[in-house]
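Below, chain A partners chain B and then partners chain C, in two separate complexes.
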Partner chain A sequence: MSAPTGIRYQGELHLLQKEIMAKYFAEATAIAQGNGRKAAHLLIAGNPVELLRAFDVLPIYPEVNVLQLAVRKGSLPFIQKAEELGYATDNCAYVKADIGLFHAGYKTPFATIPKPDILVCNYVGCNVYLNWFEHLAELTGAPAMNIDIPFIRTADGEPTADDVIYVVKQLEELIVLLENVTGRSLDWSAFTKIVERSARTGELWAEIKAMTQSRPAPYDAYFDSVTMMAPLYTLRGTEEGLRFFEVAHREMAERVKAGTGPLPEERFRIVIEGPPPWPRLRVFRDMFTRWGAVAVASTYSTVGGLWEFGFRHDPAHPLESIARHMLSYNVCNRTFLQRYEQMERYVDEWHADAVVIHSVKSCRLFSAGQGDMREHFVRDRDVPTLLIESDLEDPRYFSEAQLRNRIDAFFEALEQRRITAGRGAPVPA
Partner chain B sequence: MRYAAGVDVGSTQTKAVIVDEDQRIIARSLTDTGAYLVRAADRAFQSALDQAGLRRDEIGQVIGTGYGRFKVEFGDTQVTEIGCHAKGAWALIPATRTVIDIGGQDTKAIKVSDRGEVLDFAMNDKCAAGSGRFLTNSAEAVGLEVSEMGARSMDARQPVRLSTVCTIFVESDILSYLAQGKRVEDILAGVHSAIAARTVALVRRVGSESEITMTGGVSRNMGIVAALTEKLAMPVNVSPDSHFTGALGAAIFAMERVLAGPGAFAPEVLA
Partner chain C sequence: MTLTLDPAFPSARYRDVIEDRDFPTVRADRERTGRAAIGCYPVYGPLELAHAAGLLPVGLFGGGNRIEIAHADSRFQSFICSVVKSTMELGFQRKLDPFDALMFESICDPARNLASIMSRNFPEQAVVYVHLPQNMTSPATADYLTAEYRRVLASLSAVTGKTVSDDDLRASLQAYNRMRAALRDLYAFRDERPQDLATGELYTLARLATLMDPLDVTPILHEALDAARARGGRMKDRIRVVLVGSFCEQPPLELIESIEESGCYMVDDDFLLGWRLFRRDVPTDGDPCRALAVAYLDDSVHLSTKHDLRAPRAKAIVDAVREHRADAAICLIAKFCEPGLFDYALYRKAFEAEAIPHLYLEFEEKMWLYEKIRTEVETFVESMLFR
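This part shows the complex of A and B:
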């Protein structure tokens, strides 16, 4: 079976997502064209988007913009522009694409990105991102705030009471800054309503994520999760965002009931760690599809927030719950041992056969330690684990033959062992 | 008697092996891959057929392997070279539990079961530093053929220490040693030591279980085998047929299919 799979992965939900994301980008473009509304640039990991929405400030995620460029095969010229300016080849390609995009007037095929009226750098462990937002502050002249999020240091992964107070105090400073930028004061009851919708969205999302415990999984928790992740970050806390997740929940529940999965046959259930290679997403997905491999869980879908293990925003304590979200409930700010634990739960509770780690060449911060992770799963947990490498944004790091070779060898070996173990996988017609 | 064949289209060389029902090698051939993979595969296969005195229609199954496995157009299916090197090494030396293969672009360490199955494998990351190409470039830098490197390096007295295993930068490293008047033998030993150190790190990732067998063309380089043996502090097996291990593994997979009869394997089983 060497030919491409030819499978159409899109469903109803993809269409709705396209529609609401187009609307979101239209709003962004309208701001860029000077309609007077304010825009904030912020980062995905543990984003405090509820506060921005409370001030009617449109959240703009540079990471979302540049991954859109990569998916449309347009990231390289922007990366090269940044390299011309002196950014190193091994610098984070998201950063380079965004800096290149700034110098190209923020014009993309899908939107004109508004310049930030405020920069909210939520620092959760990536010091490169810290520099990124400092550069943006210098380039755009926008006021910038760095919310310093202490790394989790406790054994149980919970933030200390002092950690929470420390972050809440900074969020209060952010409120003052937002009041200055927008010229309005915080409407507390509107804010708590937003947090309430976030809580409800988190609830739905957590339930959607639990649905992939079914056999077959109703959707691919890596490749299809990304469809749901964009609205989760850009529209969380809004009516529209909540509606999207209600539709998603309904659609996925129906799929579970009908026993429908993303592929004609689910032959391997995998857990994927690491961001996807956006420039070659389709080709990459097909490499798994041809083996009938479906992701039942992924750590990447918890970068913006980790809801599946019980965290919810709390309208009764909105700032404290946002602080907890930023501190403990996103994969980036968790320790490596917690990342292991998260993945172990996925393997056990989501009934996975194997783990695949996609390491990102231009992100050493997130990728460092993945060799140890592979060894942990292979040696300590006896879970077959594959480590592969390319990049999330830079197409030059995607070596198709090399990746295909490793992925084929991995599933070949799994298949062979299944046959030897006498539980031969069913032969497809 | 029934026959099956394996064709291993590597980035540098293409190998073909024909086996009989008892998994005995009855023909083997080798050709440079060059730019035309389809032709290289065809050439290697035809040469093996000529050697065996067989016609194409007498071969029950053909399996392609290696980077160019999808270009073995006359093949029935494909298996990656990781699976084939494991199978082939196990067939040549049944006690094999760890396989080392230094290919043109990939270095791999494979953990093998007592039935020749892949239990785990580790390969170099995206960068091909320290792979077979590193040797070719080093040979060119000192003006030797790759095949001469092993024997020459055995006469080293004071091996140099290379600062890199980068396939590109090694050339300037070597040039600077030549400029300092270092002996070619000492430089070659330095090259082999660097590549062995890199390989041993990969072997440690899957666990260096006895016995260790080295496969692929680079195993003919006695300097590398010696450096690996020293660094692993364990003997490293090399079969006289080690160069053909991948093709042999493919041929054995093909013979298993011949013996199992039609329909026994799903086409996807060994995609």
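This part shows the complex of A and C:
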């Protein structure tokens, strides 16, 4: 290994992200303090945030709140609080942290989270979402709606016509519910403009994602993508969110032009599958950095939406395009085998040397069966694949020495393979 | 002699049959009728559609405690429940050869991924995936589920090549209605006279119903009810309990028996719930697919994989305890089962609020030592009887 650790990963874009996210959390706190604006809790996977924005309802994502807790090394007491109340060690720790947070008055070091005026359970792939919001409905007494999104399950890998009709009708019911909660009617022209900004944001994001096909990749498509994902969900459809992506696009394009990557030297290009270990993100990243390994693509960055293969919101058909986003253009609602295909495209079109599967205990949607995924990539595709385990929220499942040993052994073998086979050698930019 | 071991009772004939992963009922059915079979993963699927399409629908509840997992562990992690792994193991050990197709439903995340992984590893079996809706309040849901059932029916027809008429569907609805009615009667009988129908016996019969054509199993269920009625057992000094949490992965029969023999009468449970989900008969007039869809939406019992915001499950369990005049509840939850474990947190809160004593137990289908659970149940029962 040659690349140093102790590297500074954060650049201008990260600072801008911090600034706009601080503003977003200040808005959340102001609602919690009673400024009269409404807040909806909803979930990341294939989120229909455009509709909430159209009613000036602030979207609150419990997943974002609890991952913030984990990044700040504060998730464990909340998880333990939930466990005291009867939640099992084997339950998703995101949910437990959120339940613990509720019982702590929703007070965090970065914001006071407003209680929901409405619970929008966008059931997009994740069955735990249904349990989660059922529990929140019981705790908060807020009006709740399950938006049922049929899984992809047909041979052509597409939703059926009936699926689309069903989801559009449910979105129309959500509009009525939002009208009741906010006391205002939907302004279609404002809504259409929001959808238009989402379309433009998706366009920019897709182009940003394509840039990591360059050598070196201008940013790490796993560890740096998460910086862009928060605004993508919390601020999508707003002017501010769009501006953020314009800045991000400009910055990344300049990096491509200058041949700058996130590390001094890009030695291995990897695809990472699975959510990150938020409680030890920096330590985890360093484990790859020391080998000069850069993620050129990641499945996690597609939980909220999959834009890189062509999907765009459509202001001419706003509800139908939101329905399609929820049904098929996010990794969560697609089949496990469609995820294999997605990763294969990443390996081929983003020119990756290897796949790293980060299996998290909390999220079975992501993890259940990843041994089969490894089997497929190694045996059917001859792609070196590493499977490692920890968790996205619970620091008790992060075994640093064990992970480091596995990762070191993997890259040592990869290096050996490169020497002996001459395969995957860096190509001049 | 305990009731469970009564060799003259009809269930005794099937004790080995329900545990046999060579699926003797399926093989016998094929020999007799020549028809194809479909393995139906729990919790609930529209069995009637498969039946009408000319398939024998068979409950596929993993490997139980008779299959050693040799290969599936490398595909699914240690924190995934046993029934997912052992179902895949059945495939690796060629135990699924009698099946032409497999049916999975949107019950939980591991089951959903399992459907994909099974189709990749065992392409010889058609995988039919049913998305059961989770918005129970939308007026659009009945239309959706009706259309979904029509889509599923087309996939099933493609397996057998049979064109299915509405009359075929009605005949299958009726066959399952009769089977479910027979099970409801047996459950009602046990509630009334638990001393004359042990849960181990009832379970064996219900499990048999997942392995046979409803037309063939219903007479056996009737025979069992008659035999139970003819008994005149004496009520023992036991507490009455409602058991919840075993709706998907199934505990070993010996564990069920151990719990009951440790001092309880189980007067209600959620074993094999998918085969007896409806409160009453599904109407056989009108559009059969719509009738089945509406029954699922509006006429099915509470289920941990069905999220109905109109009716909290914790309240349903509390109501069941009251309705069955139970003294306590036992939560018997499969290890790593997220839907079951999440529900427990709400059940516990409700039990505490309603002052209903409850015992929490975890099991795995592959367990074969029951002493620890037996001791826990005995202690719990004693604390109830001698308080």
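Methods note: the second predicted complex is superposed on the first by the 417 of 429 C-alpha atoms of A that agree within 3 Å, B and C clash if a C-alpha of one lies under 4 Å from a C-alpha of the other, contacts with A are read in each partner's own complex, and residues count from 1 in each chain.
Everything that follows uses one rule, which is that a residue touches a chain if its C-beta (ideal position, glycine included) is under 8 Å from a C-beta of that chain, and two chains touch if they have at least 3 such contacts.
Predicted model, so just to flag it, every value in this text is computed and none were measured.
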* To do: Would you check which partner chain A:T160 touches, where first means chain B only, second means chain C only, and both and neither mean what they say?
  => second
* Please indicate which partner A:S390 is in contact with in the superposed arrangement: first for chain B, second for chain C, both, or neither. => first
* Asked: Is A:V378 touching the first partner chain B, the second partner chain C, both, or neither of them?
  -> first
* Asked: For A:A190, is the partner it touches chain B (first), chain C (second), both, or none of the two (neither)?
  -> neither
* To do: Give the label of whichever partner, chain B or chain C, reaches more residues of chain A.
  => C
* Asked: Between chain B (first) and chain C (second), which, if any, makes contact with A:K361: first, second, both or neither?
  -> both
* When the two structures are overlaid on chain A, which partner does A:Q402 contact: first (chain B), second (chain C), both, or neither? -> first
* In the overlay, answer first, second, both or neither for which of chain B and chain C A:A104 touches. => neither
* **Which superposed partner A:A26 touches (first chain B, second chain C, both, neither)** => neither
* Asked: Does the superposition put A:Q370 against chain B (first), chain C (second), both, or neither?
  -> second
* Asked: Which chain A residues come up in both lists, the one for chain B and the one for chain C?
  -> 359, 361, 371, 375, 389
* **Sites on chain B touched by chain A in the complex** => 67, 70, 78-83, 105-106, 115, 117-123, 125-126, 205, 207, 266-271
* Structure fact -> The chain A residues in contact with chain C across the complex are 82, 85-88, 90-92, 95, 123, 125-128, 130-131, 134-135, 137-138, 144-148, 150-151, 153-154, 160, 162-163, 165-166, 169-170, 173, 335-337, 359, 361, 363-365, 367-372, 375-376, 389
* Asked: What residues on chain A touch chain B, complex-wise?
  -> 1-2, 290-292, 359, 361, 371, 374-375, 378-379, 384, 387, 389-390, 397, 399, 401-402, 405-406, 408-413, 415-417, 419-420, 425, 427-428
* Structure fact -> Seen from chain C, its contact residues with chain A in the complex are 73-77, 79-80, 84, 106-110, 112-117, 119-121, 129-131, 133-141, 143-144, 147-148, 151, 305, 307, 309, 312, 314, 335-336, 338-339, 341-346, 348-349
